[in-house]
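By letter and in written order, the chains are A, B, C and D; residue numbering begins at 1 in each of them.
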Amino acid sequence: MAKRFEVSLTVNGRPVQAEVEARKLLADFIREDLGLTGTHLACEHGVCGACTILLDGEAVRSCLLFAVQADGAELMTVEGLTPEPGTLHPLQQAFREHHGLQCGFCTPGVLMTAYALLRQNPNPTEEEIRAGIAGSLCRCTGYESIIRSVRGAADALGRR
Amino acid sequence: MTLDGTYEFPAPRAKVWAALLDPAVLGRTLPGCDKLEAIGPGEYRAIVKVGVAAVKGTFEGKVKLADLEPPTRYRMSLEGSGGPGFVRGEASLELADVPGGTRVSYRADVQVGGLIAGVGQRMLGGVARMMLEQFFTRIATEIGAAA
Amino acid sequence: MKPAPFEYVRPRSLAEALEVLRQHGDEAKCLAGGQSLVPLMNLRLSKPGVVVDLNALKDLAYVRAEDGSVSIGALTRQRVLETSPVIRQRAPLLAEVTPLIGHPPIRARGTFGGSLAHADPAAEYPAVVLALEGRMRAARAGSEREVPAEEFFVTYLTTALEPVEILTEVTVPVLPPHTGTAFVELTRRHGDFAIVGVAAVVTLDEAGAISRIRLALCGVGPTPLRARRAEAVLQGQRPSQALVAEAGRVAMDEADPADDLHGSAEYRREMTAVFARRTLGRALERLGVRL
Amino acid sequence: MATPQHSGWIGKRVKRLEDPRLLTGRGTFMDDVTLPNLHHAAILRSPHAHARIARVDASEALRLPGIRGVLLPDDVARMSRPFGVGTTVPVKYYPTAVGKVRFVGEPVAVVVAKSRYLAEDAAELIRVEYEPLPVVTDPERATEPGAPLLHEEIGSNVANHRLLQYGDIERAFREADRIVRTGRLVFPKYSSTPMEGYGVIASFDAASALLTVWSNFHGPFVMHPLVARSLKLPENKLRFICPTDNGGSFGLKTSIFPYLALIGLAAMKIGVPVKWIEDRQEHLLASSSGTDRVSYLEGAFTKEGVLLGVRMKIYDNVGGYIRSPEPACLYRPAGNYVGPYAFRHLEMDCHAVHTNKSLTGPNRGYGCQQLYFGLERLMDLGARELGIDPAELRRKNLIPTEAMPYTTPTGGIYDSGDYPQALEKALALANYPALREEQRRARAAGRLFGIGVVCCVDPSVSNMGYVTVGIDPEVRKRSDYQAKSGAAETAVVRVDPMGNVTAVISTVPHGQGHETTTAQIVATELGLDPEDVTVVADFDSFTHIWSVATGTYSSRFSSITASAFAMAARQVRDKLCAVVGHHLGVLPEDLVVAGGRIFVGGDPDRGVPLKQAAGMAHWNPLALPKGMEPGLQAMYTFHFPTAQPPDEQDRVDSSNTYGFIAEVVAVEVDPETGKVEIKAYVTVHDAGTIINPMIVEGQIYGGALHGIGGALYEELAYGEDGQFLARTFMDYLVPGATEAPRLVIDHVVSPSPFTTLGSKGLGESSAMTAPAALANAVADALGVHVDTLPLKPERVWRWVRQARGTR
């Protein structure tokens, strides 16, 4: 039996304690152990961005971290974006408004990337948005609607 | 992938020949070689760890020597496979006297397949040349030590 | 694509980390940002027996202005180099090149030292540190040593670091006045590894001649390369279109590229000339010299 | 827009009903599905492109703790039958290699373990001895004598060959002033790489001999009987379930079916439910891809630029096994082989060829990007050789508007369209004369600036019969031959006893917003808001109504499924009116259904709420008009009378509706590096009535970027030794937000006379035009013949050198 490590962390504001094998990827831990299936795996080598979450406030690839590394960290996944059930965060609203998603598989990673981008740069130019989300691959939208969504969210958040 | 080149040893031909064909020497000099055992005349089974830095794969395979014309030329075929794919090759080696020693000329056709062929393409040729260089240098050391 | 099993250690101090390496030697592999190592592990191209997670060594993450130089802790996240005012001021080439590395979530996690120790010859940092003549500090249990960038990169993914050593810090000298720097690369997409990349550090004397020149290439050899012969062409000369073009042609001959899917050796060589010229042009432009 | 009496929600930018769950991470994708005692599979794949399997030894793997079992080639050969294929050659295609491997990545064994991690550990321990064989990767070369043979039982690498002749091709070429030849064109192998890969769970209930397979398959459901036969199961002992959400396909997931069989076999042999989630490396290696094609085209032109006839010789590379629906890449555009042009004489020498590459199949635009790359290169070469502007040459050859509906020489019936208007619109939006002027200025300054113009017919709703064009008409004439035709789709609309409306779709959408558009259509017919309609988007072959054509592919939703739902909802509306009319003592036709009520036209107070009307139908059947069935639901199956099987001359209306695309693209090429930059991209579509312009725009953007990806970045590249070189997203280059151009999009609306709402499909959209458009633009910039893709910098740089050398 492989050695297991105890980890305690905060996920979407809630404390979590678990035991993990060292090699378990953080993305798998989030999906399988925590049941937060909004985080998706689509390349497992850090290129596509579908598994992007916030780790201590920074957008990172959860497929390139081992769960054991998240000990003591604060994570936020797409499930943590929504203030309360049945509502949408302005970022999510903007994606709906501007048709920033089609199949929705890349969407959680795009949202978390955009969330971090807007926190660091609340009023990004189009070029900054493109560079900011370039690490999130989407095969449905051609990105235009995603760019509009992020811009729309920046406007909405700026008005708040 | 074709690899060719020459390497000069400051040692007489017979000695170089002997070293190149000695399984004990080969076991010590083949880069990454964990194990080399004779399984027949001119035929060996080998376990070799191949790669650079953290990128390494273990290959299990066979080395076969053929068309031996001591101390002038022989052919060597190798095939190995492991988690990251497979390596197959055919090499011909030729030994010639040069002033002060022996020149070994080699020409090898190497086929690499599977994961390493797909992910490591950019580095394959370079790594293969590096390993050959390492091999010959170690052989030279062996010959030197024996002298 | 799940990694093979490994033993995991997260040392709390550098000394502890070095001790672990001393015990495990070649079997151990240091994990910093993980943006290169973990993909290799997920592909099972890399199967270290022991993973030594350096991320608890917070005191290896810093950017410090020193007298005549700037020191960067190996565990400094790339994102920090992108935004640090000290870097912007004292090593602007590092600030310039950082946004070219991957994408924000990669740089949020990826570390400066990790990229250098991984030593992918197509990566940007190794070439830049070479051009900046950085000095690498390598620690091992009980001692440490300094390795000039020039000697640090040995071959593909291989550095002068011994299995028992950890890269702890890189120091780059502050450049003399009237120095212009630039990095320009050819990639197929934004954020990709370079097909060819060139870093240039150019200093002009009062007469407008090139008094100091460092030119480093990435993507065109088993390591990042200093284009010394091209530097020699430029050294002491007044910059001109013809001179820069000549330097590019010479740099092309210094390149030692291999083929891959994105560019043949021949193309990479030819692009070395183009990008050496473009990089020099940009560095000079920053000194107010228009060719 | 069309159907003025019912426009309602049609044509509105209705926000998607799917979005809230997807935006909050609450979608249900394949990997989110789980079962009790679920085990996980890893697949061991061939590192060889072509080799005999001498020995497979899994003993060491089976000793690893946590391993539940393995499925080996012998098991597969014993437990299953080869899949049926779309040609008459005796190819033995199983879900794993049997005897031989024929491409890198071909499954060899399946390991089932407690976790994917453990399964991968064990897969590494399976020892397979291979005896390598010579390799061939080029489809033309594979047809030559002495080429390595993949399937000994066929005796040739040609998996399918048809010589199709329409009109009088000899005469066309005799009467031509100029014969224009493309030479050898090579269309590369690429894919749309959906972000979610394949996923399968199989669970076998031995007691009832029932195999249930969850997957993100999306049709056509003809693959269900295909899998059942291969597994030796009666169709009603094989249950397909698809979760609500599917992370993209673009046609790729049609080809998941061999894995449904493979994981099914693993579950049957090992006796536990088995899940397999394809990882990215597996996806790039061995899921499916567009078909790479070598072709030669010749065009017979008059000196005025009128195209009289075309000859095409085609070698489609279907990889190691011709997997259904291949050779469909050759025949899917059979009805629109001539594109939007009026020429009447055509010869198609079609080959589908086995080589040591991975297998192919539908990929957004299927068959069309390959076809139009050839045809549109030919048009541009014709324009250049004849000294006619490329836009002008197209004007001269477009099918005139007044000819609609137009029957093509190959049997296609173009239902509607105003091609000239759409082309003029695209040229005007691009300011074509100004672009040409800019090009003159750029050239004078030594810059490489080029303009590409393309026109194409965008077919939607495949007629299932088209595939049989690949079968010799003599065979099709035999009495025991089952003729194939049609493209049926069934809609189910239910109103429950409380008046709530549910629509059940069987299309298994994967991002196209079918829930929203279905709700728009049903809400329009029933006078409701789209939010009032619950749309069931998951699929269960035991409970949904389906047939062989069911599913989402060939852009069929807005054409056929939309028609079916409009008709089913109208039936519900008619019944509501009948019930309420009976209740109120008025004629049903005097009633209006709107705002959740059924009332007398002009007298809104005289009516009942929908809830009450539904209640009558459910709660009090005896109060219904005499003879009326209780309950309130409708099922409507829509099909097209034009979807006949191919005739003896191989003519077939291969699709049921046909849209049109005109594009004008401008590029600038860096002469020193060969890097191509898109400066302008104008795309004009005629897809009939538009149901949701927001969704339509999204489809065009997505389709265009797939085409652009194939044209500039993406390639499933192989070495000559058959080794696969694009195993990760580091080497398979998917364009990101920094690579994506902004498009100028516009529409011409020519409603289809064949569909209920006048709408056609456009989901494949610019995926079929962008490769040709960019090829033409780069050729125009450089003054060279662009004969292959992708336009990667090195390739373009070599052309620049060639152009400069010869100029």
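The rule we apply is simple: a contact is a pair of C-beta atoms (placed from the backbone, for glycine too) under 8 Å apart; a residue touches a chain by one contact, two chains touch by 3 or more.
Model, not experiment: these values are computed from the prediction.
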- Note on the structure: Output for shared partners of chain A and chain B reads C, D
- Task: Could you let me know which interface, A-D or A-C, is made of more C-beta pairs in contact?
- Result: A-D
- Rounded Å distance, chain A centre to chain C centre (Cα mean): 29
- Item | Inter-chain centre distance, chain B versus chain C - centres from mean C-alpha coordinates, in Å | 33
- Inter-chain centre distance, chain C versus chain D - centres from mean C-alpha coordinates, in Å: 44
- Residues within chain A bordering two or more other chains: 21, 23, 44-45, 131, 134-136
- Item | Residues of chain B engaged with two or more neighbouring chains | 83, 115, 119, 121
- Note on the structure: Touching two or more other chains in chain C are residues 1-5, 39, 43-44, 190-191, 261
- Every chain pair in contact, whichever chains are involved: A-C, A-D, B-C, B-D, C-D
- Within the complex, which stretch of chain D touches chain B? 47-49, 104, 124, 130, 132, 281, 719, 721, 723-728, 730-731
- In their complex, what parts of chain D are in touch with chain A? 15-16, 18-20, 22-27, 29, 31-32, 65, 117, 192-197, 245-248, 250, 279-280, 510-513, 694-695, 697-698, 700-706, 728-730, 734, 736-738, 740, 742-743
- Can you check the complex and tell me which residues of chain A touch chain D? 1, 21, 23-24, 31, 36-45, 47-48, 50, 77-79, 81-82, 88, 92, 95-97, 99, 101-108, 111, 129-131, 133-147
- Query: Which positions of chain B touch chain D when the two form their complex?
  - Reply: 81, 83, 85-86, 88, 111-115, 117-119, 121
- Item | Of all residues in chain C, those that touch chain A in their complex | 1-8, 10, 34-35, 38-39, 42-43, 51, 53, 55, 79, 99, 102-106, 108-109, 190-191
